[in-house]
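To start, the structure under review is shown below, and the notes come after it.
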Amino acid sequence: MNTPPLDTHTGAIALDDGDVPAIRFDRVEKRFGDHVVLHDLDFTVRRGDRVTLIGPSGSGKTTILRLVMTLEEANAGYVYIDGKPLTHFPRDGKRVELKEKHKNEMRKRIGMVFQQFNLFPNMTVIENIIEAPVHVLGMSKQDALVRGRALLEKVGLPDKENAHPTQLSGGQQQRVAIARALAMEPEILLLDEVTSALDPEVVGEVLNILRDVARETDVTMLIVTHEMQFARDVSNRVLMFDSGRIVEEGSPEDIFRNPQEQRTRDFLSAVL
Amino acid sequence: MNDDNSFWSWEHASAVLPDLLLKFFTVTLVVTIIGSIIAAILGLVIALGRRSAPRPFSAAITLVMNFIRMTPLVVQLLFAYYVFNTVPPLVLGTVIIGIHYATYMAEVYRAGIDAVPPGQWEATTALSMSPARTWTAVIIPQALRSTLPALANYVISMFKDTPFLMVITVTEMVREAQLYGGKNFRYVEAIILAGLIYLIASYLSSLLARRLEKKLEYTTA
Amino acid sequence: MIENFEALWRALPYLIDGVIITLELTAGGALLAIVVAIGLGLLARFDNIIPRGFARIIIELFRGTSLLVQLFFFFFVLPLPPFDLELPPLVTGILALGLNYGAYGAEVVRGSINSVPAGQWEATTALSLSRTQRMWRVIFPQAWALMLPSLNNLLIQLLKGTAVVYLITIVDFTAELNRLRVQTDVYFAYGLGLLVYFGIAYLLTLGMNALETRAKHRLGQGGKWRDTITTTPIPDAKGAGQFG
């Protein structure tokens, strides 16, 4: 793998525009009953981008992540991962659903860390981490254990290997969840308000791990967070959402220091 | 009805006790154990079937399940007895009571599966886990933790319902007590001893059930 | 098939008598059971060991022995000294059903009262309500909404339990069905019987669901009236043994 050019300003890695985008939303609409969450949404995430989505609750940010992770499916429009359709594609003017097998293949490249951690309580920490590499990627248990232990070391919990999730604090559980997601070596990592359920004191330890991940890997990251400092540190692009539409986008400096839209200004003054 | 004036006769008590205990072990316990196994397995099949079957089938399964659950075991036993009149009543009774309780256990399984937090399902999607692995490694182990105590309680219930089999000529412990009473005109000892055996057995099994429940609770940090 | 319906028509008066007996047993048993359940359920919560112990003994006695043991005890043993109590079979049946299911009900009542959030109890203390006021005005109304699903299940089980009373010579609906079987055939008689029992059980469930919806409305907890028709009783996943 070639080392892509480093953007020394934000520390993020940016690829040139000739490459196929990692994520592309094409006129995506998502409804829950009568409530339309995303309207006719177009946006693109390039490979290696670190994109933060900000905006008020209900603006659709988390829905975007859930659509990429196939936890939800769009009602209209198309989602493309690495140029390939994720769940549906257009053919002869019709919206055709892809087979489960295809969706499974696409899903393997995407990982997610949840606000509520969602570790499996009936497995130990290390079992949580090696579960998918062994049963989904077909890795041997030995290799998975080696990899898993290395990741545990990375997230600062090498001695918690045989603990049960319920014996860990929130911050520790989230760090294990990050290790579990990274064990699959995803191309795209989705972070859904990963520190919102944590005590303020442990937020820092989790964010530091994620800063390391951003610095040491080239995984594409799509982040929803309220932690603005973290967003500034890690992202190379910030998108401001409201009511399912993109209000403004730009680099962290542009958005945080010099917001153009009134809506953005209102939101930032309320949260910063 | 008693042929002497004392309320309790140790003579009769010791005469009837061995018969009662024999019936307890050879009929009551056997029916309970085998019936529970039938109920636990069939109940799981029904619960999974309701979940995965297409809507019309699922609704049909639910209707049949509720019909069996809400109608008397006694009538179901009588029905089966006269229809399958070549099957030995003990076997028939065990199967029918197993089916009857399967409908209760299916509801317990359903509640247990529904109680697994949606985040667990989402995590398995995020890790691209297969449905088989999702069920066996994540969902069922967690569902069992909340269902096992309830299942244990239904086993104890079934145990106390085994006397219903007497309507299809199965001589279990309570029937044995009634027969002794009818033959010897002494009901007191037989019935009280039968009750005592039930009481002791129920108490012991509910102690066990509570130990089981304690063991299955997650310890939190 | 026609003969079956003709036999049914002739047997109809007896069948109706049987249904009435079954309903009497169910209603009488249920009434006794709720009184016993609330009485024992409240007694079991006392700090004083005497009422609590008494309630516990009765509860465990009736929950731990089988309905049939109790039925036979009341039928065969009560008429003897020292009790010398010869009750009509119907009363015996109601007594056994009421005490048996009342004992299970007591656990439901006790459990539901304990489930009312601690904050509610604390608020009554802060407002200096007496113990009676507390229970009558605040705690029990909330516990009532919680206990109804389980009581619903117990009621259905009581109905099913009535089918065994013909063993103590009560001519209930099942006894009449046995007679009908001889005049028609197994499928017709018991099939019809099961449908009738199901119908009664369903109506009882509707009634209980309506009670639950009304109780929830009183607590401002919503609950749609539509739900009363569509829900069939669901056994409490945790407490099955409490009401058997």
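Each chain carries a letter (A, B and C) given by its place in the written order, and its residues are counted from 1.
The criterion applied here is as follows: a residue touches a chain if its C-beta (ideal position, glycine included) is under 8 Å from a C-beta of that chain, and two chains touch if they have at least 3 such contacts.
This is a predicted model, so every value here is computed, not measured.
Visitor: Which chain wins if you rank chains by how close their C-alpha centre is to the centre of all protein C-alpha atoms?
Guide: Nearest to the common C-alpha centre lies chain B.
Visitor: Please state which pair of chains has more C-beta contact pairs than any other pair.
Guide: B-C
Visitor: Relative to chain C, which chain has the most distant C-alpha mean position?
Guide: In terms of C-alpha centroids, the chain at the greatest distance from chain C is A.
Visitor: For chain A and chain B, let me know how many angstrom lie between their CA-based centres, rounded off.
Guide: Taking the mean C-alpha position of each chain, the two centres sit 48 Å apart.
Visitor: Would you kindly tell me how far, in whole Å, the mean C-alpha position of chain C lies from that of chain B?
Guide: Those two chain centres are 19 Å apart.
Visitor: Find the geometric centre of each of chain A and chain C from their Cα atoms only, then give the gap between the two centres in Å, rounded to an integer.
Guide: Whole-Å distance between the two chain centres: 54.
Visitor: In the complex formed with chain B, which residues of chain A make contact?
Guide: Of all residues in chain A, those touching chain B are 69-71, 104, 107-108, 110-112, 114, 116-123, 131-132, 135-136, 164, 166-169, 180-181, 184.
Visitor: Inside the complex, what are the residues of chain B that reach chain C?
Guide: Its residues touching chain C are 1-2, 5, 7, 66-67, 70-76, 78-79, 82-83, 104, 107-108, 111-112, 115, 146-147, 149-154, 156-157, 160-164, 166-167, 174, 177-178, 181, 187-188, 191-192, 194-195, 198-199, 202-203, 206, 209.
Visitor: Report the residues of chain B in contact with chain A in the complex, numbered from low to high.
Guide: The touching residues are 117, 119-120, 122-123, 125-130, 133, 137-138, 141-142, 145, 218-221.
Visitor: Within the complex, which stretch of chain C touches chain B?
Guide: Listed in rising order, the residues are 60-61, 63-70, 72-73, 76-77, 79-82, 156, 159-164, 167, 174, 177-178, 181, 186-187, 190-191, 193-194, 197-198, 201-202, 205, 232-242, 244.
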